[in-house]
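Order of writing sets the chain letters: A, B, C, D and E. Residues in each chain are counted from 1.
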Amino acid sequence: MSPLNQDDKLRQLSSVTTTIGVALFLLLSFRNNAAFTRWQTGTDRFKNFCHLGKNLARVIAGNLSSYIAVGGREVAYDLVLERLNWIMVALEMGRQHLRDERNQQNLLDLLPPEEVEVLHADRDPVLYCMYKVLDMDRKYVVNKCNEWMRSCDTMYMEFCACINVYSTPIPFAYIAHLRTFLALWLACVPWVYVIYYQWYTIPLCLVIGYGIIGVEEAAAEVEQPFGRDFNVPGSVGAGLASMRFTS
Amino acid sequence: MSPLNQDDKLRQLSSVTTTIGVALFLLLSFRNNAAFTRWQTGTDRFKNFCHLGKNLARVIAGNLSSYIAVGGREVAYDLVLERLNWIMVALEMGRQHLRDERNQQNLLDLLPPEEVEVLHADRDPVLYCMYKVLDMDRKYVVNKCNEWMRSCDTMYMEFCACINVYSTPIPFAYIAHLRTFLALWLACVPWVYVIYYQWYTIPLCLVIGYGIIGVEEAAAEVEQPFGRDFNVPGSVGAGLASMRFTS
Amino acid sequence: MSPLNQDDKLRQLSSVTTTIGVALFLLLSFRNNAAFTRWQTGTDRFKNFCHLGKNLARVIAGNLSSYIAVGGREVAYDLVLERLNWIMVALEMGRQHLRDERNQQNLLDLLPPEEVEVLHADRDPVLYCMYKVLDMDRKYVVNKCNEWMRSCDTMYMEFCACINVYSTPIPFAYIAHLRTFLALWLACVPWVYVIYYQWYTIPLCLVIGYGIIGVEEAAAEVEQPFGRDFNVPGSVGAGLASMRFTS
Amino acid sequence: MSPLNQDDKLRQLSSVTTTIGVALFLLLSFRNNAAFTRWQTGTDRFKNFCHLGKNLARVIAGNLSSYIAVGGREVAYDLVLERLNWIMVALEMGRQHLRDERNQQNLLDLLPPEEVEVLHADRDPVLYCMYKVLDMDRKYVVNKCNEWMRSCDTMYMEFCACINVYSTPIPFAYIAHLRTFLALWLACVPWVYVIYYQWYTIPLCLVIGYGIIGVEEAAAEVEQPFGRDFNVPGSVGAGLASMRFTS
Amino acid sequence: MSPLNQDDKLRQLSSVTTTIGVALFLLLSFRNNAAFTRWQTGTDRFKNFCHLGKNLARVIAGNLSSYIAVGGREVAYDLVLERLNWIMVALEMGRQHLRDERNQQNLLDLLPPEEVEVLHADRDPVLYCMYKVLDMDRKYVVNKCNEWMRSCDTMYMEFCACINVYSTPIPFAYIAHLRTFLALWLACVPWVYVIYYQWYTIPLCLVIGYGIIGVEEAAAEVEQPFGRDFNVPGSVGAGLASMRFTS
């Protein structure tokens, strides 16, 4: 075989870089799609959880007149307000759980301190809230239509869908491979261009590196859809306001 | 290393351009798919919201005979017409909310002015309309079958799906990266062709730029499916006509 | 810069063609996927609409014995046959609406002429048929189980899904861009090959053009899933036969 | 223009081949995705059809005690066993319909010969079986809860989903185009390599051809998910065993 | 035709490698998407199975007060605890079935030995547990609302979805083809680089081979989502704790 000089070897590197680059872009595209799907699912499901909470509040408020007929105005109002309160606690607990934060104050506005402790001690506080929403004196239970129980089920399952997104990461094997290819590719790129551009290779590689790593970072950020940027408080606030109105 | 002349450097630029181009096309394809999915979802869900409204009107009109049996012909007709009216208000409010417009006149045709104000003051006017559709005197409530309540729930959830599309943009990180790559790529392209085509490069780059930016613009337009072009009024008009008929 | 001769310029065109080609293939692939999804959805939903009609006929026929108990054999048979008839009209009207045809004869076989006119005057004839299926004398209404009403809702919503496919085209911006790129690419291709193959370029370009335009045409045809080729009459015929049997 | 010798023309063919190759791979990828989706859907839906049959058998068996209360032990057992038998017939008929086979013996094990003939004469035998599962003497009908009727509906709709997969082929236009491109590409490939490898081109093209045609064949096989290889009998056998147990 | 020397032939091999490489990457991308979808589906469905179990436990515990009214405190508690026990057995059996393990001890903690044997003898133990959850003395049956039966159905169907993922592999034809192309491509790669890099080809090919085979292996691992790494025990443990609490 004919010996090659240094330059020809570097020139040939371009073909290796292309091969790695194709694998890298396929993985990157796969990663981004998976992360975006997570983000879409997480966001949609959490919003649905809030909307279902509001809708359930409407259904409960709509039953007010039948409660009045059974137990009097006073008792019925208390009953409905307690249900609405527990729905708000469920929304707040769901939000805090998914965002890994503990905002004691928001809960104390809604519940007495001993209840908050019971709630924090429970393994699945949202399910406990759902249980509390449905739990009431027997003579009112007959008025509880099936529709209501189904709404609770649906609402809890939407929360579970959020939990699934939260607790099922993208398989680590993919991310590990993606990063290996990314490192290899970024290591090859400068040698491909250095023979043509000499010192200009440095800014060129910075731009390319910034671009590619940026895409990877975007995927990493989008992967956890329940971050700090997510404006849940507004939704919950609107939910609260709307509930208070309907009652 | 061997020094290169100016032309060779430009020639080599073509490989940089290709690398950026591949990343650009992947991002563009990703963006377009996401935007198209939003458009498809938004359009389908909004149409379903209208269809469910019409279907709910059919169900309510189908209960007319049992209302007549309970409260007499006069009262029953009023009751049903009021429900249908609130469904129309829900459709109109949903449309105005999603299109960010305030057409006071359309609402005043359907409701007395004080009700319109209450509606505008509410945080979630569509939910308020749903509440009003179901809210009626106790002796009719017993006739309200579960089916009807479920239709209201489904209809509201379809509206919420529209709201989710409306309020969850495509993550900004992707769009920012896409535009960076687009700008870089468009900046590189002329230097690749100028050595071969001299002045003809200008029209050539205009055509290519128009094409690529056009695709990006198409995605940006499709991303918001509830725009002015969307012929909702026709749907709502048809809905109205159909409701009036059935009553 | 070094001047290039005519041939070198043409040779370089190949790189422009490749760039346009990549964009073209991405758009073509996107278009085909969207069209195929429409086709799949439209076909599945329409078939489900027919299947649900058959299933609803089964449910109604299964209630025959309770109708006989309420109103006698004669009346019950008439009642059930009238429901089945309206289901068949709904299927026929759905088919005609989606295929933009007006086959008066098929309808006159099922309904008296004045009913056909009322049906044609209605804005949403399928909803009207659904209304008619459920509309009956009050003493039978109590026997109408919820299940039946839900089947009507589901069936109507399947039809609405067809209507959504029918009335929501693929955004024009995409198709316009696709066709621009297609024209540009087809205009460039001959100049790339003419320097190598001279006269043989003509058949070569014909074959390539036939291939690419053919793919575009396949997408355009598949996009409207309710065409003439669609063997709905068979389905409806089978539906009819099956209904007659069950009654 | 400069005349080219024979070799240069062949060398240039490589670019034509690449263009055709890209179109071919896009179509092949599209075809494979569509075929795989069909396979996934068909398999899942058929398995769900079997699972729902088993579940329905459980529900029916769970109602045994209320039948005993209404009509005595003897009659109730007969009633339940007949329902289970019709479910098994539905599963068997569904399997035979989707696999285009007629195994008279399996049916005769379950039903008397005259019933088998009635079943074969029916246009939609699975629907007929569903009808038979629900059809029983009036005094038991009151015990038939809605849940049961919904299970029948769901089960039938799963079967219809299988029928949709079975009766909706991938549009022929795509397959025709795919095969045209495949033939063209395979016809070009040898001429590209023959100038470099002479006689070694023959095994090389055999390997490439085998690979590509193999992928196409895999898609064609996967497209019909209800083939002979599909181990349904096991599922049905397990279903039978499980049903017998529960009764 | 002009004879080529050895080096030119090897150089040309690069084009064959690229063709095989494109096919390989398409198949690899297809395979990874299919495997990832399986993983996502399997994980989501199994988690939903657990969540539905917990939710069902909540519903049953919520019925406690009506059972007390029918049969006294003692009996009602026993009844509810037995139901909860059977739900736990269903979760445990589902887990063991999907992970192909037999942990006798976990079951013996929940059930008496003779029941465990009956369970192991059954063909579909999860369905048997569901049957047991619903099976109770007649006077309590009237209190069993439809909602509860539907929850059992949904829970069982989620388990069936897991079973479908577990028992429907990715079609072997694809994996066979993928591995053929992988072997061919890996066999070609060294000859492409050896002329330029001589001995450095060995580490280069090791790195590339490790990368590509690693991606294939990641797909193979992700394909079976119910592996040992899957932290189900935690979920079940949490489920247990939560159930005990609510009772």
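Going forward, a residue touches a chain if its C-beta (ideal position, glycine included) is under 8 Å from a C-beta of that chain, and two chains touch if they have at least 3 such contacts.
Small disclaimer: the values here were computed from a predicted structure and weren't measured.
Think of each touching pair as a link: the shortest run of links from chain D to chain E has 1 of them.
In this structure chain B contacts its sequence twin chain C using mostly different residue numbers, the overlap staying below half. With each centre defined as the average position of its C-alpha atoms, the distance from chain A to chain E rounds to 22 Å. Note on chain placement: the centre of chain C and the centre of chain E lie 36 Å apart, centres being C-alpha means. Within chain E, contacts with two or more other chains are made by residues 146. Round the ring, the chains follow in the order D, E, A, B, C when counting starts at chain D and proceeds to chain E. Interface residues of chain C facing chain B in the complex, by the touch rule stated above, are 1-2, 4, 8-9, 12, 15-16, 19-20, 22-23, 26-27, 30, 34, 122-124, 127-128, 130-131, 134-135, 138, 141, 146, 149-150, 153, 156-157, 160-161, 163-164, 167-168, 171, 173-174, 177, 180-181, 184. On the chain E side of its complex with chain A, the touching residues are 6-7, 14, 21, 25, 28-29, 32-33, 36, 39-40, 43-44, 47-48, 51-52, 54-55, 58-59, 61-62, 65-66, 69, 145-147, 151, 192-198, 204, 207-208, 211-212, 214-215, 217-218, 221-222, 238, 241-242, 245-246.
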